[in-house]
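Right after this note come the structures.
After this come two complexes, each holding chain A, first together with chain B and then together with chain C.
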Partner chain A sequence: MLSHEPEVRVEVQNLRREFDSKERKVVALNGVSLKVREGEIFGVLGPNGAGKTTLIRILSTLLLPTSGVARVMGFDVASEPEKVRAVINMASGAERAGYDYISARGNLWFFSQLYGLPSEVAKARIKALSQLLGLDDYLDRKFYMLSTGYRQRVTIARAFINDPKIVFLDEPTIGLDVMTAMSIREFLIKEARENGRTIFLATHNMAEVDTICNRVAIIDRGRILTSDTPTNLKRSLGAPALVMEVSPLPVNLAFLGAVEGVKGFTTSVDEERGLARVQVVVESEECVRRILAGVPASGMRLVSSWRQQTTLEEVFVSLVGRGFVEREHEVGE
Partner chain B sequence: MSSVKTVLASIRIGWYRDFGWTNPVTGFLMKTIAPVASVLSASIVYWLGSSAAGSFDPSHVSYIIVGAALYSHVAAYSWVPSQAISEGKWSYVFPQVFISPKSSTPFLVGRCLASFVTSTLTSLISLAFAYYVAAAIFKSSIPFIVTPLSMILLLGALLANVPATLGLGILLAAYTIFASKFEWALPTYVAGLLMVFSEALFPVSVLPWPLSAFGNVLPFTQFIRAAREAVVYGSVSAYSYYVGYSLLGGLLFLGVSLWAYRWAERQGRKKGIIDRKVV
Partner chain C sequence: MESRLWLRALYARMWVRVMSVFNEPLWIAVNIGFPFFSSVGLGLLYSSTGLRSFVGFAILGGIMISFWGNVLWSMASQFYWDKQVGLFEIYLTSPAPMTAILIGMSLGGVVNTAPSAVLVAVAGWLFFAPPLSPSWLAVGLTFALTLASLYAMGMMLSSLYLAYGREAESINEALHEPVSLISGVYFPSIGNFSPFPFSVQVFASLIPLTIGMDALRRALFFSQGLSSIYLHLIVLSMR
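After this line comes the complex of A and B, so read on.
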């Protein structure tokens, strides 16, 4: 247990970032504020295009903010990047970050030298990290010979090679098989717990946030909607969500907007079975009765319905009114 | 912590990168083919032309062999920092290096120095090879000073030229932060410009003013002149003048390039293109 108040490691105030694309100005971050402490695994959860990568790029000194302040270990990312760089590291799940024709060990050694590690320390750390990440037998393979999963393990090892106080991870388990994703998550939990490392995780994977994050900020269209522990966020919803399967396709769910106590809903279509699955975040049991009564009244057939333990998906739906997938389509329009 | 460690690690990674895809001998031979071919073809073109005109002069062959070997030497390793950025954007190595404590400058310097060593070896090989082949096919003795002193002076000239070439490399790197379009064509452009302006194959005085004046102030021109003094003409005092000019001019140029690169980095962070492949 920590005997002192955990120190604040990342502090962001009213951060804004605009991009000038050809036709219009895109506001990727629109007044983001947050605080992350020592030993925390902090999740930033939101649909594609919400601004997660932009936030990580600013905090890891790749990108300057348009306005607002971001401090890492008290250092300003815009004006003191070299001080920030000494205490952080970063990895992106979508990127390879290595020389193809050099072994995993050679790549890790190279990156360790960028942080000035003495040779013996670097060797010991490469060994320790590869044991933790199950890389032992793969260290001497050339980078391009590794499967996506093992390459990603190397990437994660690289992000911890300099014993950083804060590690920024952008979708670290995207596209990975379940086993690899699980072992990476276990590794992250261990690093935060045993070494007091702060892990700043951007993801659109709700289950990932639910299983490993101490706290989560939900982000949508460049704004943080809420921030708390996953448990508190789910608990705040009250009633468990209602799930209904309705037919025939296409379904018309306009009536849901008018039902009192509906906080939002998200739909997925099952073409094969010819029905739509609708997940509704509700305020009360009374509301559920009204919805079930409204389905036949709108000319649809209720195939089945049940209640579901709330997940972070429902938290997002209750805040935004729609689910991740629908939100991504809206943004694209 | 100093940047030296980063430079050394980047030299090593540069060699591994260049030779890691095959065995070192094959890798090295592959790198030797291009300079040998370019030196030989330049001297043969001269031989054919001058023989036809009946004005063949073996000392001109020495002039051309040295110039051709050394301008392609400069072109080969000045391109490496730019290449390290464009390939590093694709492999995401560049952003990772950028956010390390010493950032990207020592990395670019290291990659460039790694290539300097390789390219020094390949150009010396192409010099020697071209000399023997030329002597054999032109059936005349090509003037060439080969003594311990001349070799040391030649090496001195190669080293004194490092700041200037590094400066060119860093300047091209600053450009590559913004645009990776045409970055693959840069070595060709650079080689072409050097061939014309650095007195590689003909004296810059044949160029019309102000192009001749431009060629005359380039540290690369002084470098090639110094190398010719070392192994063809043998005047130590002329050599010292050219080497000094090449070194000091090079340092000045390097200073300007480093400043330009810092500016490009800052702009890159502003525009968000350090980790973006821009077209």
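After this line comes the complex of A and C, so read on.
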């Protein structure tokens, strides 16, 4: 759709951010570099505590970097925040921001005024955005009367009210019902495709990244481990993952570390059925055979096993050796 | 361009403040009720004890206490609540200047409080017909400056709230009664008629509300013009 080379809209070089808490120094971002272009939906995917929110707060001028450079539309976020603010907007799933006793329409009008929009322009935008987000029938309800899902639709509409070049979204669909999450995702795809908007999405929802992002950076402990299209990342793994259910509890999976070709694994325990489900990212079919032979040899019973199409979760497991949930426990989030 | 953004942001913040209250009839009732009944009560007390000239003070006090309450209870904590729900970050990431938002918030507060102030003034006038001897120019100017310094204090308090969060609510509790008392909302707390010792009077003069109340009483009841209260006005405009 674009007839020219898409322009670079976000450029981050060697970004670092530290927090000094009482007991310890936390390095939330540890040398992050990336580049995002016009019309892209760029996902930053990682477990809780990986540094996603910190990155978004720096890019949207709410937080200063400790070192490194971040540019948005060519403007330095640290030294030219006003110029950045004029061309961006942001929203977070944790916020349900609005004035309770004002209608959805009134709230959107208020937010448009923070960008100095003339009234007719503001009205036209509110109308167009609410049509796209299915808000028409709810515009005249007071904000506090809206359900969580509709409030989040208002929040998303707000994030596009100033016709921004770049929208930063931090877990925008967290805690939402499936229908709302779906219509928000459809809206985002449309905005990127038809209006060339850049959408910078931080999330720990792998399915979300898989369905809407053109490109994804996988982040862990403040570092970007890899960055590519979701398809390429999944393809890079080679063989589909192996899933096995083993018993009895507690299981001892130490032998997996010694099997050649195991890139990592993640475990979840099903107490009710008295077994553990182990998902192993493998390099080859040969490796699968060795694992299945290793289970009885380690004194466990193999209840069932099957192969599973690769998702981004396995990509993360192959890079870190652990799944999201286990990683969150290790990091203490 | 810049000044247009400034004005739009200011107007919009004022608008949401005003509409939030006017959409909620109960709040209006509370807003109007409290200052109304306390000044009518005091007015009755003063007039039954024969303190005719003090009746006017009670009514003026009722008017001013409405604004003071508005500054303390809704201006100061507003930013804190804005922050809780995520609005504050929206202000910060937008190009709108924070001064426009603060002033809009203040003007909204003034508009919200105006009905109760007007009601107290009209009712006070009808019930008690206090002896007035106003110098209107001085009254207007003093009133405007007193409000400005009150709301400037509100803006300061709202920054305190941001820094200390909910604990700051106890600052309000601590401020409300003593300030209402020593700043002499209902009676003269500085000068010849003051019941307080000199040291308390010096302290009271540090509060802009004290200076404003004193100047307002002089202008409204003792026909003192700009020439005699100019010192008050200078002090007020320095805040």
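The working rule: the second predicted complex is superposed on the first by the 332 of 333 C-alpha atoms of A that agree within 3 Å, B and C clash if a C-alpha of one lies under 4 Å from a C-alpha of the other, contacts with A are read in each partner's own complex, and residues count from 1 in each chain.
In this text, contacts are C-beta pairs under 8 Å (C-beta built on N, C-alpha and C of every residue); 3 or more make two chains touch, one makes a residue touch a chain.
Being a predicted model, the structure only gives us computed values, none of them experimental.
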| item | value |
| --- | --- |
| Overlay on chain A: chain C relative to chain B, clash or fit | clash |
| Touching partner for A:L63 - first (chain B), second (chain C), both, neither | first |
| First (chain B), second (chain C), both or neither touched by A:E82 | both |
| Contacts of A:I174 with chain B and chain C, given as first, second, both or neither | neither |
| Partner chain(s) touched by A:S92 [first = chain B, second = chain C, both, neither] | both |
| Contacts of A:F19 with chain B and chain C, given as first, second, both or neither | first |
| Chain B versus chain C as contact partner of A:Y115, first or second or both or neither | both |
| Chain C-contacting residues of chain A that also contact chain B | 60-62, 82, 85-86, 88-90, 92, 95-102, 106, 109-111, 113-116, 142, 158 |
| Complex contact set, residues of chain A against chain B | 19, 57, 60-64, 81-82, 85-86, 88-90, 92, 95-102, 106, 109-111, 113-116, 142, 158 |
| Complex interface listing, chain C residues touching chain A | 1, 4-5, 8-9, 11-13, 15-16, 19-21, 23-24, 85-87, 89-96 |
| Complex interface listing, chain B residues touching chain A | 1-2, 5-6, 8-10, 12-13, 16-17, 20-21, 91-93, 95-103, 107, 269-270, 272, 274-275 |
| Complex contact set, residues of chain A against chain C | 60-62, 82, 85-86, 88-90, 92, 94-102, 106-107, 109-111, 113-117, 142, 158, 162 |
